[in-house]
Structures are given as structure tokens and as C-alpha cells.
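Got a structure here, written out as C-alpha cells. Questions coming.
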Amino acid sequence: MTTDTALDAPAPADLSRAAVPAYTASELLAVMSARLLKEGQTVFAGVGIPLLAAILAQKTHAPGLTILFEGGVIGPFVEAGKLPPSTNEQRCTRRANMLVSITEVLLMLQRGYVDVGFMGGAQIDRFGNLNSSFIGDPARPKIRLPGTGGGNDIASLADMIVAMKHEKRRFVEKVDFITSPGFLDGGDTRAQAGLPAGGMFRVVTDLGIMGFDAVTKAMTVLALHPGVTAQAIKANTGFDLPVPADAPVTEPPTELELSILRELDPARLYTA
Amino acid sequence: MTMPLAYSELRQRTKARDRSLRDKVMSLEAAAKLVQDGDHLAVGGCTASRTPFAMIWALVRAQKRDLTVSRSIMSTEGDIFYAAGLSRHLITSWFSQGIVWGVSKVMRDYTESGRARFEEWSHMAMGLRYRAGAMGVPFLPMRSMLGSDVLGRVSGNGAGPADPAFAAAKTMECPFTGETLLLVPALNPDVAIIHVQRCDAYGNAQLDGLTFMDIDIAMAANRVILTTERVVSNEQIRRQPDQTKIGFFTVDAVVEVPFGCAPHECYGLYEPFYSHMDMYAQMTARDPEAGAQDYLERFYHEPKDWADYLSRIGMAELIDAQRRGSAIHDD
Amino acid sequence: MTMPLAYSELRQRTKARDRSLRDKVMSLEAAAKLVQDGDHLAVGGCTASRTPFAMIWALVRAQKRDLTVSRSIMSTEGDIFYAAGLSRHLITSWFSQGIVWGVSKVMRDYTESGRARFEEWSHMAMGLRYRAGAMGVPFLPMRSMLGSDVLGRVSGNGAGPADPAFAAAKTMECPFTGETLLLVPALNPDVAIIHVQRCDAYGNAQLDGLTFMDIDIAMAANRVILTTERVVSNEQIRRQPDQTKIGFFTVDAVVEVPFGCAPHECYGLYEPFYSHMDMYAQMTARDPEAGAQDYLERFYHEPKDWADYLSRIGMAELIDAQRRGSAIHDD
Amino acid sequence: MTTDTALDAPAPADLSRAAVPAYTASELLAVMSARLLKEGQTVFAGVGIPLLAAILAQKTHAPGLTILFEGGVIGPFVEAGKLPPSTNEQRCTRRANMLVSITEVLLMLQRGYVDVGFMGGAQIDRFGNLNSSFIGDPARPKIRLPGTGGGNDIASLADMIVAMKHEKRRFVEKVDFITSPGFLDGGDTRAQAGLPAGGMFRVVTDLGIMGFDAVTKAMTVLALHPGVTAQAIKANTGFDLPVPADAPVTEPPTELELSILRELDPARLYTA
């Protein structure tokens, strides 16, 4: 189970929705993430936005995208309206190419067969470290979150796409607990810790798309979503997030993309 | 603490078991006697799949205490272990009923108050710890958890203190490549409880669909209790020996319990009983302690038998779960 | 020498592969082009079971050279690798056609004269070396080979000299238990050749019966060539995904070759062609060199295609092997 | 494949056959070995005499004996007249309880699920070390034998029964090469080398049954077969083999035992 755990509090006002009322923030996340996936890739996907995005990519520009689920599922076809509640139930296995044990599917990451790890996150910091274990001091936590699941393994071993809501309390200077490693303290500290492969590739939010500096490994804005200003994204980030003056603006979700998403999740479990 | 046994100790324990081909069919109550207070209990399945709930139900009713419980991912049953007083120490990679129900209030209540331990390892680490136990080696090397506080918390140098009751992982420099590797310690549970679609009276089990970590858990454990939807003949098993996933030689008890995973799912037979799981989440949302006790009373202590438990979940729920579960074969 | 790759190198090689779901059906001749002179070639199956003979036949005809070849146990094909000049370095745990035919004269001839290497590891060491490669770790720990000259010969302190071309194993003191363990180095073959009962055009293979070390070999290798009795639809594979043992993402070529293991067996379809294997043993008994060359000429170089090869083995042999092989389903 | 490799030369005159012409030396070996197996045990058996002996035990005093084959077979029923040519072909799998990979079945030894390992041998020494790799100097061998197969793993991890012909050139002071460890240099040298479990239990030959001293770990005679003298067994052994003055004499094979063996191997592949 990858770390798609929401923080234990109501979400704040949805900025992107205010700007472009034709889609929800979750739909925007799913569409923007889907566009990052490439034909022929293998993607290790958590449930929720990552799964929706992967299926959307399959149904648009990447029909040969292979989805892996942590439960031990390789190359399934998820049925519209029957989204699995986790990556470990039989709904995930529908018309899969192969089922293996959990340990085997995680070892595929270690062996290098997975191109992209794709998950949500509760808290992220400047260097892309993710926290889904503790809010507050781990010795006396304010909130004990569900923990890593495969999140640590995926983030340690694959190139990562993270999809999450862009809020100041989620984008923090330093996460309370590194559940899933990004670039640790930046620079080459990740490789030094014994993690020479993988690492943060993109962070997709309802405000924009972020990448990481090639040398410092600090997060930086690559593009802003329609209607989002540099000021807005900085205001919703708890650390200094560089926004290039010429940051491009993403293409808004198309009708086709939105209609596929809404067919997949008619009950709006993940896209409300 | 679940640190690796010396090899001679592991071998002694295995040698002392009756591993012969013999009839092991018994009741839930008899099987519960194979679990001792203080044991390390490993639970098969994952999240809401093939959770051996009938056996857990029997262990709650038998008032087991001081268990250390491990599982790849903990769902509803993790709450039950805490709330029923069976365990104050769970070892897993993720713990909550499931993403759609949010963070478990029962888990939060017990762990944030310091009344119970939730020892967190990465999911692959859980798998390799069981696998090391299954292989008869004290550790396996791996390449994740490094650099994270998940490792720090089980080796004493991360954010927050390492609990001395937690097992430790160790880093090493690879003598072949010079790289940093993590060595995770073997888990050899005292008892494993695993639910299967079918097995014979000797304990030869043939699993369909997702196997999770169950094969390694069965090989690693010192005693294995299988609950099964059906007991089939040994003749049937022998016609397709390449479908046998758990061998009789690891198994100590076989209990036939139809719908033995309710309200969770059993691959190909029934999906989770979602309405019941929604109800459980609601019951424990406001006052986790009182809600869980109320739930235990109604569904664990009051029922006269497993069929009564199922009838309290409800016939319509059961029929619907079965219809959804068998639909996977309809394509 | 087959020592473990640095992790970054292993990852680079894997990343460079086209691992997508695509049609990979091709001819034996085209598949042979995926093997380069000097490669480490791993061979699926064991002894006289599921030996990918059609692919080996194609490699002989394509005059590959300087291969290092590994297999759990070498049978007839080991002789062929030496005699046809494909390899002077075989890595295995046991090498001879089979117990009933005595010690291979061809193996003796090549190894006793020093013309070829036979790098010997225990059978479990072979298995764990492939498994380490499959897991993406540089070694796995184990508890056999210790104290023996089999270990001495691959670590330089046993009876007889360690050949510098052999891989080394290393002992370590366990940081958890203080025990002595052996670390065996990962094998990540450049190419694996594996014969299966059926697979789809993408390379999703469903094996029946004994799997030997094939699943680990497929995961460990950098390229995988599957030969198969039948190519079935991807639809058929997807109806029973829990029967898929080798995933398409590891596979680079699929070649449909009925009776592709002749004169060895393919589980559930045909048993070994015993008369032919008797004949081979007789041909190589007196003058191994001349006998093997004569055999290669008649069965490897002269046939115009694989059907011609089979017809030289003989129709009666084939029918009998098939009758015996399918009899396992008659009970 | 366990090490049941005959030395590459014709066998000498069969002593037991001369003494008791009603059965061959191989039949004697199979019967005497079978009697050492106990009900409920799990035995890892090589083909040839070990397999015959295991089936004989199943059909006489140990119906619940579980046989394991190196090919990955657990609890098969081998059919009379269809003995497998190795432990790795489909004939071994007939009506088995379970099939696993080779690596898994060997790991069962390491995990401790196997009671007895049972194999033949080409050469054995005073401390029960077995050689099936080289005759002569390994650097320039007189004979390159097939090697260990699973022999080393079995001998390293299980209690061992070895069945072999009793000849001076096979029972040597020191084997040319330790393929499968016995007690190495005797005493506690086996445990010191990292092998705390298993070890030689019995050596069954056509002349007698041998065990090992509890402290020195040197081979010693436990019983002589009918018609075999202490002098004869010493004369056929290449090291000083103690024979107690009161060594018991084994019961000769019964008609039932012999008839079962002959039904199993009508072509006398392994019992000629």
C-alpha cells in the first residue's frame, strides 16, 4: 500500500477549482500526472490519484503502459466503476498478465524493472523527502499516520512522481519524519546513504509541476497550472520555492481526459 | 523482541515438531490452544485480503494475551488486536483499515497515547524478514530503508527514539562491490495463522490469486494454523501438485471455516463486506475505545458460533460479497 | 568471471532494455542473434528436463564462441557446448548426461586434459546465485559448502588450486548471531534461454510441473529468449494470471518450437527420448572427441531445419516419448 | 542430483553375493538402508539405492515416510517399473503432494524440515567426508567426476545415511577432495567450519553398517552382515576401522523385502 494518506484534517479551499471550475483539484492532479507517464513504461502505482492517472495515460497516449500494484499484480486492466479500495485486493488483479507475491513485486523495483514509482504524500520537504508516519515529534506524535507500506521501497528504488495537494502544512522545510527518501539533505547525500538509483522526478500539485535541481537537488517549479501565479504557489509552500520568471503554463485538462476520469470513478471516490 | 534465533536453536525447534503426513483437522477452539500467551503471531494475507478472521475471532474469545503480532499490512484486525487486549506490539509496514476509511482511530488512540507499539518496517523489509526466516538464514540483504527515519527508528539513529523492544537492522559494506547494504533480521514467528481457499486434511494448501507473503510465513513459522474455505481430498491435491503452495510438513492444524475472512475478502470467492467495514469505521470514529469495545461485544463475544457471527454481519451482505467475489471468474 | 555487478551498472543495463508489452515472436535464427560471443549464457531446466535444445541447436549452427555457460545441472547439452566449441567454461553443480549413463566421456575428455573449465558450485549455491541476481543484491547468505573443497576451489583455500577464472565466495561472521555464513555472489547472465510449455507473444510464460531455477534465471538475466511448445493468446494468459511464472517484462524473444527439448523432456508433453540418449552415450563412449563430432555433424549441422533434426531422431522415438510424457495426466 | 556416481571402473567381486547368493549386493544395501528409516520422517533421497530403499521403507514399516527429490518434489508415489533416471524429471513427480523450485527444496534442508539425507558415494574417508568430484589430484585429476549436485548441501545440513559398496579404494584414509562434508577432520571441526547441524549418521555397505564415534567422529563398525568377518571388513577398508568384538550380525533381507524391490525395479537398473 503506497502512502496516499490524507492528513487528518479537512482540506483548505481548492484554489485551482476556483480558477477553473470545470474540474476538481483531484482531477487536475490526475490529468497532469498522467501526462508525465510515457508509452512502454512500467509504473508502480498506489491507489487513488496515481492509479487513476496511470489508467488515464493507458487510455490516451500510453496504451502500452504497464501498471504494477504492491499486492503483487503486473499489468492489470482495472474496470471502470470498480476501482480497488487498496492495491491488495482481487479487484486489482482483473485481467492482469501476472500475479506474484508482494515480496517479488517489491523486488522487481530493486532489480530495476520499474521505471516510475507514483504515489501520493502527506508531507514533503525541499529535497522531496516524504512523510507518512508521524505528524509532530515521533516520540510523542500529534498524529500517528499509517506508515510507509511500500512507499519507502518505491521511493528508494525508482524514479518518483508524487501527486499531492499544494498546502503550506504539507510543503514543509523539513518533514517531521523521513518515511520515503527523496534526496535526503540534497546534493549527493542520497547516493551516499546507499541509494544510488531512483529519486524524485516530479511533484505534481493542484498549483503546478515541480522538479529538482540537478546539483543541489532542491525543489523548483517547472510549470504553473492555468491561473496560478508565482506568488500563489510560494504562499502555499513552507520553504523557499524558486519560480522561474518564464515558467510555462500547463495546458488545462481536456474534455476527453475528464470524461475518461469520470467514467473510471463515477462515484467520485478519488476525484471529488 | 523478534531478533534472529541462533541456527542450532532454530533447528532444534523444527526437529521437535511432528512434521509427518497426518490428519490435522480440528475446531477453531482446539487450534486456538496452539497459540500461547507471549507468542509472536504472524498473520497471513494483506490489508483486507485473506485475513484469517475466524482464527483471530477464536483467539479473542480464548483471551490470549501479550502477543507480538506481525503482518505485511494491518487492516481492521490490527485494531482488534489492540482493542481486545491480545497485543500491545504490532509489527507491520502500514496500519489502518484501508485508504478509503482514512487513518484508523483505534490505531491512533493506542499508539499516540503510548499504550501500544506499532513497529514500522518497509513493506519489502517485512517480506525479506519472513523470507530470511523461511530460508533458515539470520538476515537478508536489501537496498531500501537506507537513509530514512524508518531505518533510524529500528536501528537507533533516526528521528525519534528507537524503542528497545523493536528489532534492529544493520548496515554493512558489501564484500564484493563495496556498496552499502541493509541487513534485515529474520522473522521466525512462533505461530502463523493463514486462511486458504482449499487444503487437504494434512495441510497441503492450494491458494488462488494473490499469495502476499503467506508462503514465506508458513515456511518461517514454528507452528502453522490453516483455516480453509474447504477441506479437499489428498487425492485432489496430488492431481495438481504444482498448485500446492503451502506444504503439509509446515502445518499443525487445519480448520474448515467457510467465509473465514469475513468481513475481509477471500480471492475468487467473496470480496470485502464493505457496508460492514463502513459500519465498523463509523462505530470507532468518535470514541475509538468505546466503539471498539461495543463492536467486540456484538461481534466477538456474544455470537454463539462463527455462523452466528456471520448472521450478525448479515445475509444480504454475505450474498453480495459472494456475488462480487465470484464475478472475477465471469469474464 | 561472473562476479556481481555494481548496482548502478546493473540498473543501467536494465533501464536500457525495451521492457514494454510488445510482440516478440521470431525465428530461432533471429533469436540466436541476441547471443553475443563472450556472453554469459544461462540455460533453463535441469538435467534432462526442459533443456532448450532447439535454441542450443541454433546457437551451435550460428557458431557462437567463448560463451560462459551456467545451469543448475548439466546433462547432454554440456557435452555439446564443449564439443561444438561454444564454450570452454561451464558453471554448474553436476555434469554428466545422467546417472544411468555413467560419467560423461566428453566432459572427462575436455576437463581432464585442461582444455575446458568446469566450475563447480553446490546446487543450492547455484540456486542462490541466480536468486541474488534476480533480487538485485550482490550476494545471498547460505549455510552449506562451508568446510568443503567445493568452497575451497572457488575461494582459493581448498584441495587443488582455485582457477582465477572462477567466481569467489566469501565467508562472514553474522552481525546478528555471530555465526559463520557463506556469501555467494550474484549471477546476472547476459542471456538466458528457457523452454516453456506455453507463453503469449509478449513472453508471459505459464510453466507446468517442475520450474527448477527458471523463474530466478529469467529475473536475473539481462536478456531472455523463450522457446515454447505453443504461443497462446494474451487473453488466455490473462484468464489465469496466477499461473504466469515468467513475466513479459523480462523477455526479449519468443520462438515457437514444438518438441523444442528433444531429446530431453518437456513436463506433461514428452519424456526423454531414451533410445536416442543411449545412442549418444554409445557414440561418445569410445572416442569422445570423434564421437561427439560425428553426432554434431549428423544432428546439428546436416539437418535443414528443426523438423529435419526431429526426423533424424525418429518418428517412433517421438511418438513414444510423447505417449510416456502425456501419461502423467492419465491417473 | 545427489552423488550416486560409480567410480569409473568395473566393480570387484561381490563379496556378499558370494556369501548369500539369494540377493545381490545392491539389494542388500537397499534393504539394510531401508530399515534405518523411521515412520514419519522426511528423507531427501537420491536416485538408485537411496530411492529404492525409501520406497521399500514406505511399503514396509514406514508408510508415512515423506520422500523429497532434489528436482523440487515433495511426497511423491513412484510407480513400480517406472523408476526415474534422475531426481529432476517428471517421473519423480507422480502423485506428489507438492512441487517447488530446486532452490526451495534445497532451502527446506537449510530451514531444518528434512530429517535424513540419503545418498550414495564414490569415495569416503574415516570422518565420513565424501568425494564425487575428483579422483587423483584435482589440479590434474585422473578422473573428473560429475561433482556435488545437491550432495554438498544435503551433507552440510541433514543427518546422513550413505549407501555404497565396501571397497578399499572407496574407503580411504583421506578423500582426494571433500565434495560433501562429513565430520571434516573429526572432533568439533565440522561445527567450527560453520556446520552446527546434521552430519554423518550411518554408512551402509554390502559388508556392514557403520556409525561414528560420538567424540572423535571417526567411523566405527556397528554391525556386520551375515557371513562377513571383522577381518573381511577391515581388509576392504583403506583406514583403521574399529570392529567391536561383540558386533551384532544383521538380519538378512526377507522374502517380502526382496520381492518389493524386484517389483519396483524389474529391469534391475539399480539392483543388478
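We just call them A, B, C and D in the order they show up, numbering each chain from 1.
The criterion applied here is as follows: a contact is a pair of C-beta atoms (placed from the backbone, for glycine too) under 8 Å apart; a residue touches a chain by one contact, two chains touch by 3 or more.
The model shown is predicted, which means the values in this text are computed figures rather than measured ones.
Undergrad: Which chains, if any, touch chain B and chain D both?
TA: C
Undergrad: Pick out whichever of the two, A-C or A-B, is joined by more C-beta pairs in contact.
TA: Taking the two pairs in turn, the one with more contacts turns out to be A-B.
Undergrad: On a C-alpha centroid basis, what's the spacing between chain C and chain D, in Å?
TA: Each chain's C-alpha centroid was found; their separation is 28 Å.
Undergrad: With centres defined as the mean C-alpha position, give me the chain A-chain D separation in Å.
TA: Whole-Å distance between the two chain centres: 59.
Undergrad: If you average the Cα atoms of chain A and of chain C to get two centres, how far apart are those centres in Å?
TA: Comparing mean C-alpha positions, chain C is 41 Å from chain A.
Undergrad: List, in ascending order, every residue of chain C touching at least 2 other chains.
TA: Counting only residues that touch two or more other chains, chain C contributes 7, 136-137, 142-143, 179, 181, 209-211, 239, 242, 331.
Undergrad: Which residues does chain A have that touch at least 2 chains other than itself?
TA: 73, 93, 95, 99-100, 107, 110, 196
Undergrad: What topology does the chain contact graph adopt: line, ring, star, complete, or other?
TA: The chain contacts form none of line, ring, star or complete graph.
Undergrad: Applying that definition of touch, give me each pair of chains that meets it.
TA: All touching pairs, sorted by chain label, are A-B, A-C, B-C, B-D, C-D.
Undergrad: Considering only the defined contacts, which chain C positions touch chain A in the complex?
TA: These residues of chain C touch chain A: 7-8, 10-11, 14-15, 18-22, 134-137, 202, 204, 219, 234, 237-239, 241-242, 244, 247-250.
Undergrad: Per the contact definition, I'd like the list of chain A residues that touch chain B in the complex.
TA: For this pair, the touching residues of chain A are 1, 3-6, 8, 47-48, 70-73, 85-86, 88-91, 93-95, 99-103, 106-107, 109-110, 133-134, 137-153, 156-157, 176-181, 184, 189-190, 193-196, 269.
Undergrad: Mind listing the chain B positions that touch chain C in their complex?
TA: 3-7, 136-143, 170, 172, 174-177, 179, 181, 183, 185, 208-211, 239, 242, 331
Undergrad: Which positions of chain C touch chain D when the two form their complex?
TA: So the residues of chain C in touch with chain D come to 46-49, 72-73, 92-96, 98-100, 102-104, 107-108, 111-112, 114, 118, 120-125, 127-128, 130-131, 142-150, 153, 158-161, 171, 179-182, 209-216, 265, 267-268, 271-272, 274, 325, 328, 331.
Undergrad: Within the complex, which stretch of chain D touches chain B?
TA: 39-42, 64, 66, 73-77, 93, 95-100, 107-108, 110-113, 115, 196-197
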